[in-house]
Structures are given as structure tokens and as C-alpha cells.
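A, B, C and D are the chain letters, set down in written order, and residue numbers restart from 1 in every chain.
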Amino acid sequence: MLRDRYVEVRNQSAAICSPLQTEDYVVQPVADVSPPKWHLGHSTWFFETFILMPHLIGYQVFDPMYNFVFNSYYESVGARVVRTDRGNLSRPSVEDIYRYRAYVDRHMISFLETTLLDTGLTALVELGLNHEQQHQELLYTDIKYILGHNPLFPIYAGQFDFGQTNPQPNEMVHFGEGVYEIGFRGEGFCFDNELGRHKVYLGSFGISKKLVTNGEYLQFMLAGGYTDFSYWHSEGWDWLRQHGITAPLYWHKIDDRWMYYTLGGLKELQLDEPVCHVSFYEASAFAAWKGMRLPTEAEWEVASGRIDWGQRWEWTDSAYLPYPGFKKETGAIGEYNGKFMVSQMVLRGASVATPQGHSRNTYRNFFHPRHQWQFSGIRLATWS
Amino acid sequence: MLRDRYVEVRNQSAAICSPLQTEDYVVQPVADVSPPKWHLGHSTWFFETFILMPHLIGYQVFDPMYNFVFNSYYESVGARVVRTDRGNLSRPSVEDIYRYRAYVDRHMISFLETTLLDTGLTALVELGLNHEQQHQELLYTDIKYILGHNPLFPIYAGQFDFGQTNPQPNEMVHFGEGVYEIGFRGEGFCFDNELGRHKVYLGSFGISKKLVTNGEYLQFMLAGGYTDFSYWHSEGWDWLRQHGITAPLYWHKIDDRWMYYTLGGLKELQLDEPVCHVSFYEASAFAAWKGMRLPTEAEWEVASGRIDWGQRWEWTDSAYLPYPGFKKETGAIGEYNGKFMVSQMVLRGASVATPQGHSRNTYRNFFHPRHQWQFSGIRLATWS
Amino acid sequence: MLRDRYVEVRNQSAAICSPLQTEDYVVQPVADVSPPKWHLGHSTWFFETFILMPHLIGYQVFDPMYNFVFNSYYESVGARVVRTDRGNLSRPSVEDIYRYRAYVDRHMISFLETTLLDTGLTALVELGLNHEQQHQELLYTDIKYILGHNPLFPIYAGQFDFGQTNPQPNEMVHFGEGVYEIGFRGEGFCFDNELGRHKVYLGSFGISKKLVTNGEYLQFMLAGGYTDFSYWHSEGWDWLRQHGITAPLYWHKIDDRWMYYTLGGLKELQLDEPVCHVSFYEASAFAAWKGMRLPTEAEWEVASGRIDWGQRWEWTDSAYLPYPGFKKETGAIGEYNGKFMVSQMVLRGASVATPQGHSRNTYRNFFHPRHQWQFSGIRLATWS
Amino acid sequence: MLRDRYVEVRNQSAAICSPLQTEDYVVQPVADVSPPKWHLGHSTWFFETFILMPHLIGYQVFDPMYNFVFNSYYESVGARVVRTDRGNLSRPSVEDIYRYRAYVDRHMISFLETTLLDTGLTALVELGLNHEQQHQELLYTDIKYILGHNPLFPIYAGQFDFGQTNPQPNEMVHFGEGVYEIGFRGEGFCFDNELGRHKVYLGSFGISKKLVTNGEYLQFMLAGGYTDFSYWHSEGWDWLRQHGITAPLYWHKIDDRWMYYTLGGLKELQLDEPVCHVSFYEASAFAAWKGMRLPTEAEWEVASGRIDWGQRWEWTDSAYLPYPGFKKETGAIGEYNGKFMVSQMVLRGASVATPQGHSRNTYRNFFHPRHQWQFSGIRLATWS
């Protein structure tokens, strides 16, 4: 039932933040990372703005200024705080934001309990919940960035992102050339960018069953991978030199040992875990060093039933572009996906930070090729 | 004969520069634009470095410092002047560079006349000539930028880029869904990024026979196209606002009339000419305003026999990515194309500035989506 | 007694912060502003580093990482967080920092109660207390910046910075030419930059008894002061245009009325209050518009007995440079003042935010000419 | 006679440029450096704008667009090319600019030959000539920067800036405390910033007879001067680290020998020459390392009769501020000096690049403390 699912998803956001101290909710070390309190407010603002305000008669907004503060990028819904300024705002306080959540939740639950929603409205609530789940994953990645860039290396909790290791040997899975179908099919929820199931022609290809491990990546590093431009895109090589990148994010060489910051604190690097927090440039350079390549998103989707996935978002060599027949929705909801379809790369799969029930083999995640802060890893492919 | 073709292509570069004054060869108003004298030196350096030095016994380099000055991005061939510094170098002088060209040409001609070239070497010379032709097109675009951003609006020559107008009415050409083949096939020269003729599955699509005109684009502007974010990619909207873009490059509203800077000087905007000097963002926003879209590069290539092309490079909605089976060559030549296969969009066709004999329907040009300074235009497509 | 004074000054810092919410301690909207928790930690670090560590036998540092976090600019005392990164650190938490303060205070009080301090050590403790008082003033200015740049305009407390208005008419006080003496003389504390009482030759000058008011400044604005470059330094004019400055900081024109953000919230601008939060550029332009000038610091000091001062730091037209005979102390304490003696202007007087007992007529405050965020105002002078 | 002096000064500018190739006139490697052709045009524009246009009846401007191109910073005389864009302009060509000079010279000479100039106009022509002489010095410094930053290290001419060495031993000259007078006195030309001869009170001081040599400066370098922050202003230390400064400008360590680029080409560093091309930060750090200081401008002027000066502009520890009674002229001429009186340091003396007859012991040169590209050196002083 939608009401129960609403409660469950909303509670999960608060649960993710429960180990935080108040100060951790506030900071924004880089523009790509948002303060946790902003995520909590923004996902709430979505329900207030798109469900309660237009559909709940007599609804009073919690605070009219909050639209200004918690609107992320919806140009059609008025002024907003620029992204890089989010970490400059000490108010609303964390307590105020939880009050805001409680207020909106109370009205949403009452609304869901008493109203017969039509299909469009149901879909909109479902979109709001999936939107919140996306921000739950961002909460993990942003909390990791905030704590992992503090010189005190504070511990968030438990053994959250230690990664699991599959003891089975890796192997290449092969697919023959031909016409395949990709894109969402079925009845449940999906984002608009997955729609338009369509045929693609693929040449024969091989794809590895397992993800690249820390140990394999370390070999690349030891072989001089970060100092030989021939493996890199020109843009990646500039990125690497400009920022002095010599390893994945959160890797620290301390007293000659490779340590890795996790949400459970600094630990020794585990060689058999799948490598994490690499940019597209690094993923691509690693593949070139291996004499292989990254899969396309179509290959990945076709192969998804025969590979182990779910621990790392996997960089593909596909740019984030519209599927055939893609059509932006009208209004603010139409700003959800389509306007980002340039200059980003598709990641497929899911990660340890992805909420349960939020992953599908048609899911199209996307980030800029420079981004390391997601739980992103590498899968290899070959042309035949 | 290769020797004659060498002479012809090389002379053409000098011919393009002949209307210039010495000062015009030197400046670099923005990083994307290179000084004409740099183009002349760099294309010469290619022959010296890749043909004469390794293959002509006893060859003495003209000046060992020139490798430093004229190497563009070949990381494997030593240090180089960073791109943004090219306009800071008053020396070598234009005269010195022409001497350099004459010296290399003398040796190249003698080499071509007296040596039996194997296939690899022939291909390398051919690559050098195609490389020079690419810089000939850049000479036009960069000269236009240099003169067109001078407050005196100097005239380069003639009626070079006035564009031609086809009086016939436009129409949509339709193609059915199915498996098509794209990629280079045949015997002549092509770049490595065109290779690997392969099958693609296309849904049915429509594509316009003619390019979008200035008049049509002006309607978009008058309809508020530059002030309604809903037509734009998020990144494009930021670009537009940050740089205050309100029209294509070289458009100037003077005394309430739209003027257009051409290499023949400022002239009144011709409404029936194909629009030129738009970025991918602008092309895409225009298409969205029309309720249409840009073609993919595969659609374009499939349709190329039935549309009018050759006056403007046409932005496609395809990112510049490797074709199936793409493999970088080893050594410096391998740096030619592959390392740019991220964050850029493909343009198809050719422009008024493309050298004769340098265009093919499989040619994959590529630029960043923000770029306006190429002779770039818009063709529309529909999903069915 | 030094011990009592220590307790009093230290308590005052906590008292200033008592109206804050935890989140307010954390953020850093611009590089010049430090998070309140950083001020609390840094002033504590001073006592730990310069008193307890070298002089209290057996002292255990509270946390060795805190040197890294709370060192501001003492190059001689090891690594430090760069100034612009202070707002990225959620830890140490506010609670941890208060624990740190309590720990250091306990040891300091015990040390002061049980140790017979020599003159040098007494001076060092006194320096630490004056240092803390400087940060108390910065706490006010930085809290104002943090809250005053929040779209919710939160209230800090009371009527703190409303300014007082002296109903008496203003007048010019005149001084004849001759040799005067300036610089600190006496027995109490002063900073090293005030030392070296010395003779200066001053031409005759006039100086206004009272500060420029909001009403007078508004006349300058209405007369086009911000749009006529002739009143401005070239550098000030660039600053104004680059940042779009059209009024002092914290002035907001809302519904055609000038409002002014104070620590007590937004209030209507009071015309008879002394103008506040102007940069040197603005102070200087205002003076030029009046056909007058800013006083030099020597003139100000000579006149200090006959003018009303203490509400605003007053920009002088003196650069911050060493007095004759100035000598940097050796070691970290020597970094206190001397190394800033370039590119800054002297401000004289004191402000509503200056701690009681912390002001002197020989005090040399200094900031960059662009700074508006201090409680800075304008006094006029004439050449005769 | 003014007409002869006009011809002589104007010819000298062309003489300075005569060894240049056309390309050398065009480039602008950094914002502080202007293309030589701009200097030639700008100094001509001064005469056209301030003499011919208002005072020669019937004068036709050479090209109305030139005001846009050659106006440097006179806000009151209309739009202008921003400083950093000067190097982007290939036109007007060098030839056009010489034509512009000839045109203006012809009219100026005719005007001077046939008109009885009043005092104001005579002063204005004299200001124009001194202005041109300032640009003659900048021509030398900018040409040196342009050629000295070219990887080919081209030779300008002769032994221009080799510096002379005085074999006599250095010594300190001492002055007693008391009231002195500084500022221009007399009948010839001076800039407005030198006016207002006035009394200053100086404590007793010592000043070295000779400038610091390369050999002495090298000792500072070998003693770790560039790696010990204690000698540096905080701002200077940031400058040094940000730009990787480890020596004066134009010093190159090649094959373990210190080489020095001069307008006559690269030569071995001469230890007994006065050090050149140091910033204020470097001059000040050197003095601190010696346990001494830089003189103030008043001390320098008082001592000027008893020290050897004229080879290097000498950084003083005086900020560039108005003399008592300073009053900006009205109109564009008033923009000459006053608006720069913030954030810069005074240099006294003259250099090998200063035109003959252009130096005075009251001359107040000024640059930002970071600047190295002038022929700037170091003189030491002590407090008593």
C-alpha cells in the first residue's frame, strides 16, 4: 500500500542520518556534495510542492521561504539557492528540518489515507519516493565525503561499505551478434529515461562476470598506470595532472601501506574487494591497460542476467542520451532527467548504498566522467 | 600521384593565409582558437616529425626548438607549449615559419620523388595531408574569430562564407525501422574513427532535407527561445547565462537590424541562409522548441544520400564514442582520435570551409557542445 | 589578577556564542569569515600551544590533531587547515570544542594559580587574552555575516548593533601644523605594532567630531555616488563593478524602503546612526564626493581626545606599515603583526563589537580595502 | 623649444621599437604587459584626444574607432578595450599605427609651430611627453618580458641592460633625526603626485650607498631565503608558493650555472651587478634576512644626494598615498595618478630603462608589490 511504502521510505532517510552529529548535517566540502540536512529538506520539499500544494485543499505551506532553500534545480518552480551555497546556510536548523519533515509527513499520510488517487497522482507519489531513494544513496556518498575529508577521519557506523568478496574465479561471458531489446518493460515504477523499450544491434562481445578488484587495480597503479598518458583520454590526463590524482578516492598510503577510508573508519585495503570510487577516466584507463574496454550500456543490460552486479555502479562507455522516442514530460516533472542528457556517462547496476528495491537492470544512472565520490567500480568487456 | 597531391595541399594552406597581414598570424583571442602561424608550423611539424625524421636518412631538423613550439597534443613526442600560450609567442616569425615550410617541403618532395613508399608510409603521408586539411578548415574558423572579434571588423576576403540558398521548399524524408550499416567502406583515405563498418538498428525516423535557416532561427529568438529554460539542457542554460549568450556567434544587432560578421565583412543577416555558428546547446534548444530533435549520427549517415549537406557541420545528438571494434594505433599516431572520445558531440557533413575532397558521408567531426566558432548548423529529425 | 582576568575573558567568548544554534557554529560563507567554532578552538589552541605545552610540565595535549585544525597562520607551528576549508569540517563538534576549552581552562587556571610567572610569560598570557578579545570581535562580525547572508534573516539577539546616535551637531576640529608624537606610551598591554612612540610632522588639518551618518551616506548614493567613477580609486571601481556593489553591506531595498540587517534582525535604516559596513573604497569615495578626505592615522591619534569615537572602526588613509624602529619578535609570536604589513589599510578607534577594555587611541586595526564585513565607518578630514 | 622636444621624444619611441619584428609588436603574454604597438598607439591617442581634438580647430580624428582601442584607463573618455584583451587585436596593424603616429605628429608639429600656447596647454603637451616617456620605459620592460618568455630567447639588441658595476666598496650613510622637507620644488615638469613640498619628521637612519648585488642576493637564495617564511610577508609567502617563485625574474639555472636573460640574450649572471627584477616581497624578505629594512620614500629622497642611484627602481617601504594637500585635477587628466593611490608601493630612483631627462629625486614611481617585470632592485636601510 502506498501509504505504508511512503512511511517506510521516509523513515529510512532519517535512519541513514541517525548516526550523524548535528554539525555533520551542515557542511558542503565541494559543490557536488550537498549537506545532509539539505537532502532531508529537499526530498520533503518535493512532496510539499508537487503533491500537497496542488492537490491537498487548504494545505498551508510550512514556510514559504523553504522553496527558496530546498529547490534544487527546478527552474520552473521559482528562485533557488545556488548549489555551491548550500553549505553556507546554518538555518533552517536540523531540528527545524525534522519538524518540516514531520509536518509534511503528517499531511501526506492523511492525504494518502483519505484520498482516492488517480493514476497520475499515484505515479507522482511513486516518483517522489524514488526521488527520495536517490537522495538516500546520495546521503551515503555525501556523508562519506564529508567525514572522509575531515582530518580526524570520524567513523559513521558499522561495516557499511566494506564490500563483499565473491571467492569464485572471474570469467568472461560471451554473447553473439544480433538484434537485442533494451529498456524498461513491465508494470512497476521506472524513470522516464528507461522508457521506450527498443531494439539495438550488438556485435558479438564478451563481458566479465565479476568486477575488477582492488588487487587488480593496484597492479595497474604499480605498473605506472597513472604516469603513462597512453591509457588515458586527453581530458582524463588533464584532470589527473591538475588535481594530482594518483589513486582512487579515499585511498591513503600511510607508512607504506594502502589504507582505505570507509564509513566504518580507516581500514587496510582489501585486495579482493571490488575497486570503488574511481572516475570514468580511471575506469577507462584501467581497461585500456588491460587491453580491454568498458561495456556499453546496451551490452550491460543484455548481459545483466549472467553477471554479478549490485555492489558498485559500473561505468559504461555509453554517453547519457535519450532513448529512441524519448519525450520530456511537461512542467516541472519534465525537468527530472531529460535536461541532463549531455556530457555525462551512464553507469549501470547498483551499489552497496542503493536502497533495497530501488535497483533494476534497466536503471540508467549518470554522472560526469570526473566523478569519484559515488560507489563506482569497473567491469571489463571485449569486442568479441 | 602523392607528390603532386602533397604540393597541392601544402600550397592551399599558404593560399588561405595570403590575404592576412602579418599581425593576423600571431594572436589567440581564446584558447580554442590557434594563431594562423601556429597552424602553418604545426602541420609542417607533423611531416618533419613523423615522416622525415624517422624515414629520411641524414635529415637535419630545421630547428630543434620547434618541436617544443609546434607540438600540439602528442604527449609521446616530448614537451610542448600549452595550448593557451600559443598566442604569447611572437617568434618564430611568420617569415621563419614560411622558411620552415619551404625547408620541409623541399625535403618531402625530394623524398616522395625518390623513395618507393611502402603502404604504411603512404598512409602516413596521406594522414599528414588530411591532418593539414583539417587545419585548413581551422584556419578559416580561427581567422574568422580573430578578425570577427576585432572592434574594427576587418575584411578577410571576398564573399567566402555568405552561404548559398536553395530555393526549393524543405521537406521531411522518412526511413523505416530496421538494421542498417554505417562506417567507412572502400579504398580511399579515412580516419581511424570511421573504421569498423557495422550494423545498427534504427527505429523509423524522419529527417529534414534542408538545414534550418537564419529566418527560422530568428523566430525561435523572437519567441523567447533564449529566455525559456524548458528548451535547454541544464548545462546549456548555465552556459547561456554565464556568458550572456542571446544569439549565434557573429550576430550583432545594430540600429535595430541584425547584422552578421562574415569573412567578407559585416553584412545584413540573410534570412534564407542556413543558420551558422550555433553551439550544440542552441541546436538542441531550437529543435526542442520545434517539437523535434537532432538526428543521431547513424540516422544522418543512413539518410545522407537523400538530404542536402555540405554547407554547415551539423550537430547530431550522438556523443563521440568508439565504433565497435575500435582500436587505437600504437605510438603517436594512435593519439589522433581515440583519446578525445569523451564529453564531445559528433557533427556530420561538411561546411563551406571544408577543403575540397576532404568530406565523406562517414566523416565524424567532433566538438564540445559549447563551441560556436565552427561553421556549425542545425538539421531536424523526428522519431518516426 | 591575571587568573581572574583569564576566566572573565574566556567566559565572554562562550557568552557571545550562547544565542547560537549548533549549526551556526559550523559554516563559512566566505573565506574572510571563520566558523564560530573555529574561533573558539583557535583561541584555545593559542593557550595550549604557547603557554601549556612549553611551560606546564607534564601537560598532555587534548588532541594532537587539533594543532592541524586550529592553527590559523602560524607557519612556524606546523601544518594547518587552509583558511577556506574551515567551513568544510563538521568535526571536532561544538561539544568537543567546549570540552577542549574546559580542559585547557582547567590547566590554565591551575597553572596561573600555582605558578609564579616571569614578565615574559605574563606578557604571553596577556597577549593570549588580547588575542581572544580580537576573536571575540570577529565572532560578532562573522556571526552577523553568517546570519545576515541566510535567506531567513535569523535574529541573533537583542539590539546589539543598532548604534547610538549623538544628537549634538557635528563640527570640524582644527589642529595646527607641527611636530606631534604618536604610538603607545604607558604600562598596560599593547600590541607590538603600536610600539615605538615617535615624532611625526603634521600639516594643519581639520577633522570632524562625529562620524558620517546613514543619512549623509544615502545622499551620496542618491547623488549617483556608485555610478560616477571620478570619486573612486581605480581598484575600488573595479571592485564595485565586479561584485555589483550599490550600497553598504547588509543594506536591502525592500518595497522601496531601505532596510538594514542587524544582529537583532532586519530593521528600517536609521538615518541618524553612523554608517556601518563600508569598505575603504566606499569610505574614500564618499569623502571625495564631499570634497574632503579620510584622516591619516597620525592625525586621528593626535585628535583622538577631541572627537567622539568607539562606535565604528574608522578607515584612515594610512597604509598598515611598521612604525620607526619596529622589530618582529622571534618565533611564532613574531608572526602576530609584522607579516601583515603590506596591502592593508589602518583603521582607528573601536566599534560596538569591540570588547570592553580592549580599545586604546593607539590601537592599529587593519584590513584589506575591500572589506565591508567589519563594523567600519567613516570620519572626514580636511587638509587645513 | 617645445616643438623640438616633441619631435625628439616621439622619435625615441620609434627608435626603441626599431629592432623589433612585426610579430613582437602584437603579443601580450600577461595582463601587466602591453603589446608594443599598443604603447605606440596609446601615447599617440593621448595627444590626439587631449590636445588636437579640443584645441586644433578643424582637426579630423584619424579613426574614430581608435579611441576604443587605445584608451587605457580614462573612464571619462568613453569605452575602452579591457587591459587583458590588448593582445587579442591584430588590427590596427603596426603599419597603420605608424601611419597614425605620422598623422598626429604632422598635426601636432604644425600646431606647435603656429600656435601660441598658454600655460595650461604647454603643461598639457609636457604631460603628454612625460606620459610618452613613461611608456618608453614600459616598452623596454614589456619587450623584455615578451622576448624573455619565448622559448627561443630572441635577442633584442646590444648590451642594453647588462648593468654597470661600481668597483667602490659599499657603505652606510647616516642621517640624524629631525624635520626634513620632501616633494617637488622648482620650475620644471613634475607629476601631480610629487607636488606639495612638505615637512616630514624622520628618526635617525642609515642608508646604503650602493644597491644590493646579484652576488649578495644569491647568498640569500643559498641560505634558504625562499624556503623560510620568517623573512616574508604573509602575502608574499603565498605569492611565492602559488607561483613557484625561487629566484628573480629572468634567472635560469641551466646546467648548474645561473644564467640571466637580458635584452642582449641569455648571459651568465654577473655577481657584482645590482640585482634586478625582484618584487617588493623579495626585496623586503632580503632586507629581513640581512637584519635590515627598506628605506621609506622620505628617507630615500632626503638621502638622494649622497647615494648612487639610477640603475634600478628601488622598492621603498612606503605605500603610494597622497602627499598632504594633494588634489586631483578635474577631468580626464585628474585620472592620471590619484586613482591609483591604494594597494601599491612606491619605488624611487630610476633605471637603465628610464629615458634621459625623465628622472628626478622627487619622482614617485609605484607598482603592486608582486611585480617583478620592472627593472627593480634593492637598497637597504637601518633605523639609526
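Operating definition for what follows: a residue touches a chain if its C-beta (ideal position, glycine included) is under 8 Å from a C-beta of that chain, and two chains touch if they have at least 3 such contacts.
Note that this is a predicted model, so its numbers are computed, not measured.
Between subunit B and subunit C, the centres computed from C-alpha atoms are 57 Å apart. With centres set at the average Cα position, the gap from subunit A to subunit B is 36 Å. Taking each chain's centre as the average of its CA atoms, subunit A and subunit C sit 45 Å apart.
Taken together, the touching pairs link the chains into one ring where each has two partners.
Checking each pair of chains for touch leaves A-B, A-C, B-D, C-D.
Across the complex, subunit A is touched by residues 21-29, 37, 65, 68-69, 81, 85, 87-94, 146-147, 149-152, 154 of subunit C. Subunit D makes touch with subunit C in their complex at residues 73, 75-76, 177, 179, 198-201, 203, 229-230, 232-237, 280-281, 284, 288, 293, 317-319, 321-322, 324-325, 328, 334-335, 339-343, 345, 369, 383-384.
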